[in-house]
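What follows is a pair of complexes built around chain A, which joins chain B in one and chain C in the other.
Our next item is the complex of A and B:
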């Protein structure tokens, strides 16, 4: 039988040993209610995050093809051995690291420059509109961005090719040519994620105390001195955070490339995430791809550990500073 | 060395006029304190002189050179902020030297000598290699002063440098300030809301209220002859006593004075009499002309007493020497010397001071 909550509460007041009263007492204990409120999120996290991860971990020790219909066969570290001996994996990994270093490097430098530009032009009319427009790539779905960049890059119908033709230059098959594909994909990633570094730069700049900037102005420090002694001193942690977030994210780049080149031509744009996807959902060798996923997870954890270390370094600094 | 002239300099933030259009001159090589309560516009005025804020009207001249629209870096000013602003990654000596690096007048050796000299004056020699994070706020502020002084520029601005510093460090700072003043003659503007500091440091005090400079004078002159009731009230601890007149047909009687005053124009409207607490004489009952009652007694610095007295319907504060034998409830007698009384009408000092009538027992 259903009882309205109000009814049970009144009942509980008049009859202390009742279920309602015990429930109310339990809820009043400090730890119970917050735990109760956390349960849905925890459940969600366990069902959609922890269980698949553990499953993945388990699967990585098996040989299992989704299409063969045969049950998984335990192979121990067989998958890992095969991955570490696979030159294609190493190639994809080194390609991914190159991609991450170049993308994050360029995005950081561009982001810093654009951020400083925006910051120094606070009285410029139209600054807000420009900022909003700058941030649009970042909010796009990568797949959508990939699709329209594929159209822009298209050698026959693409805007870029049309412009090259208009200038009397030979057209380039940006995504189809093995020499230009990697650079073209990289350019799109830079286009998409530079705004994020602009945002981080602006946040970093906002963390610089105004008085210190004014003192630097009074002391006639040069731009580089100001950048080194004042701005980076206060903003480096936020910038570092941005760089680390970008690194972790760039390492997982999949959807953007999936839509533009799908790893081709050849395997010139095949980053590990693409490789993983193809092995899992084209070849269906689930055990092998699970093992690769575990390795990638470990690399991501290494990045995250660095990230947390840097954050803690900031905390330690704060504690060291006299009040 | 520089003379700073303000011509109609004002600053409005939206509808609020933070600084009224002001004409003022800071003489070459003088120390001028901008003194006033919080929010009176003194810091805004200083920031406009520094070039950190732009006036919404008027012009600022440094030695006749118009610097109004110029950024701070082109003005040859140094500034000490309310919070010690340091370059955290540098040592004490490097902090002081930093602002000298681009000074072409100095050789490397000359720079080092300048840094050494300034560190010595500020008593920082033994901390020269220390990192900034190892210093307390007071020491940091001395480093900030050292950095400002080392520049040897025309103007040094101080924006309430002792506000966030504890008492001991404050006295150290003030001592250091006096020492470098003895050696260098720069034009200094010092913003403070601490009158003791202003009294001790300034050649001249510019008293500010509601965005305007109400009076500028030497400290003792400002204290003795405030041009406004505000000056009388703001300076001194506590400030002036103010008495309201009781008009009696052409004359006005003030509680605390034995005889009525003849008013210059016979008009008691908006009239106030001010007298400083330390000028009121207190004696045993009957010894002095006016009887009074002790309401409260508070002990102040040096064992002096601050008495709250009732004379007629007026309450007055009077400062007495240490161990004066007066306790709450006692009946005493007082005298307010007429030579130390100031008359104000609607807050402004009267040019023609009222005279006391002859009839002592009227």
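Our next item is the complex of A and C:
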């Protein structure tokens, strides 16, 4: 028979334990305390995450506009059908995928290069200042960054135009020209989020065992061989995590671009998250935008699943190989 | 019928409050008090002795909107003196592009967070249809002080009426506004300019208000071409092209309507065949062509950017709202700027056509206010249209709409833009007053900016695209009788 520590078996048999003692005994059971500690978090998660998601899912099956004055009408998959047939949604989605591929690709490459530059540079003078400055864009709010860059890009008052004029070059209307707007907002995203990939690269490099690096050096492996066989081998999980986080984040980019171009000129910088925002909070077409939000949620889940699948593919192959 | 029922529900709420006051007044008594002369009401006001806080939601950075609250201390004294209650005001503001969102999300929860909302005229339908705002017909009938004779029928149509063409009123004009042409007279009258213009174009340079009133759009482009001097960092003209809110739609729709076109038929909700005409396509192209007389950044201009460029002396002229006169005519530009009517387009009948988009905002009363707040809101608005307040509003730079103030002999001289404002108030019309306004606008802004910035180069195709999407929006919303035609299948920018 289990008894609480310090309580004799005789005493336990003769007198039923008090409420406090019973509670203490209950809490000492392995599973009870952790469960109790999880309850607030679970409640928070259910109230603020699960319920709204289910609500969103339910609303996506209704035709409901906040300003129509009419009650919601159940339409089944009508909103989904409408979205899939809407050429503007497909255009916005393709523009978003292009943005994600380019932004995350450039940020990863630049982040890797800059990370390697700062690797083992503890004795480099001004390292801390340089790293602090490098990470600054990442800690700014996207709306503030968007406002700065809108002013920097301004062809009349902007710093960039003043520099171009100083160099005797013609000024460019970076955000106002349909040919340059997409590239200009992409550049701001790269400026803002490359530091994140630098951070992830430095974390990945820190995870590489020194002994293996020394062994690689003794074996006289080239830098590229060391990068591939040692550094990426150990750091790939952290790097992939960085890419995954950036991919999901870039996929829902809205505030940074909205502040610079409002999705324009025309629709050249209208990513799908901006379209969703407009339909939900400018037009108040709640059913349609809920359906689009559900689709985007599924795409984000698909991203995550794909990355995790790729990440663990090699491990699975190893496990599947006969001993 | 529904509006009447709605009105009755609000009346019940007030009766409850009156009972709570212990005054023993029933609804009939209250109505009698409301209908009685002002002096009698002062003695027996149901809120006498009470303290009320009123919250107004208005437009950030918009002088006339803020004046609604800046002048409120006068109402505080007025209310204490006449009605015997204390009132104070708080003011919440949001930029144009976010104000409707702020108001709608609050009203959708049936909140009385904002007792009075300064709405844009185009939102009347979206606010009235879900019954978020108070129908005013009954109160206007009861209160003589709200039954105002306006300067132009456009005022009632734009700021009060929903549905279009009906007799139902939902708002009262907080400020009127029209587009005007801001002209730098110091440059116009600079030595040598008139002679050089005469030599180059073989005609007299317009210099007076009357000259500009008689100026056609084609002749106006000669003037702005003449003063366009980009090599000196100075341009002939500025107007709005931004995708934000309704910024590019205002001037484009103005040109379309002034050249005989329109954007829809409010009776049938038909857009296809009305918006996407050759005439409107030409108007769209014409508006784009004006970019050659503007700074490169003009493609991003909204109201604020245009003010900045003009106030910094970078433009000879600007197509801009009269409401921003105080910001456009800075201290350094005082005496150097004239505000004149916008250029006309000659009609086939020889008439001078000007039909520009109207600006300005009505204020509307939250339908979820309790009886006390509703009463104070109505008192406040009644005070707003007294001759003294209307004149004070004008002297602070606001644009009143009532005939009594606008026909005062000294009105034109109160502010530099008033003569043009009065003139243009009779030559303006509004956007759609439809609950789907935001959706219609979003498509239009996308299309117009796509064409202006070169994303698409065919103006007719741009209008076809907009017309198809708007037709679908209105058809889905039950406003349009016809679905989009087969030509709309698969159309994209």
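General remarks:
We adopt the following convention: the second predicted complex is superposed on the first by the 267 of 323 C-alpha atoms of A that agree within 3 Å, B and C clash if a C-alpha of one lies under 4 Å from a C-alpha of the other, contacts with A are read in each partner's own complex, and residues count from 1 in each chain.
FYI, a residue touches a chain if its C-beta (ideal position, glycine included) is under 8 Å from a C-beta of that chain, and two chains touch if they have at least 3 such contacts.
Please read these numbers as outputs of a predicted model, since none were measured by experiment.
Overlaying the two complexes via chain A leaves chain B and chain C side by side, clear of any clash. Legend: residue contacts after superposition of the two complexes on their common chain; A:214 is shown touching chain B, with no touch to chain C. By the document's definition of touching, of the two partners only chain B reaches A:229; chain C does not. In the superposed pair of complexes, A:175 makes contact with chain C only, with no contact to chain B. Of the two partner chains, neither chain B nor chain C is touched by A:255.
Annotation for chain A, partner touching more residues between chain B and chain C: C. Minimum Cα separation between chain B and chain C in the superposed model: 50 Å. Counting contacts by the rule stated earlier, no residue of chain A appears in both its interface with chain B and its interface with chain C. The residues of chain A lying in touch with chain C in their complex are 65-69, 87-88, 91, 154-157, 171, 173, 175-179, 181, 261-268, 270, 278, 281-285.
Within the complex formed with chain B, the chain A residues making contact are 209, 211-212, 214-215, 217-222, 225, 229-230, 233, 320-322. Partner chain A is touched in their complex by these residues of chain B: 50-52, 71-73, 77-79, 81-83, 85, 87-90, 98-99, 102, 133-134, 136, 147, 151. Of all residues in chain C, those touching chain A in their complex are 100-101, 104-105, 108, 126-127, 129-131, 241-244, 295-297, 299-300, 308-309, 314, 435-436, 438-439, 442, 445-447, 449-456, 477, 490-493.
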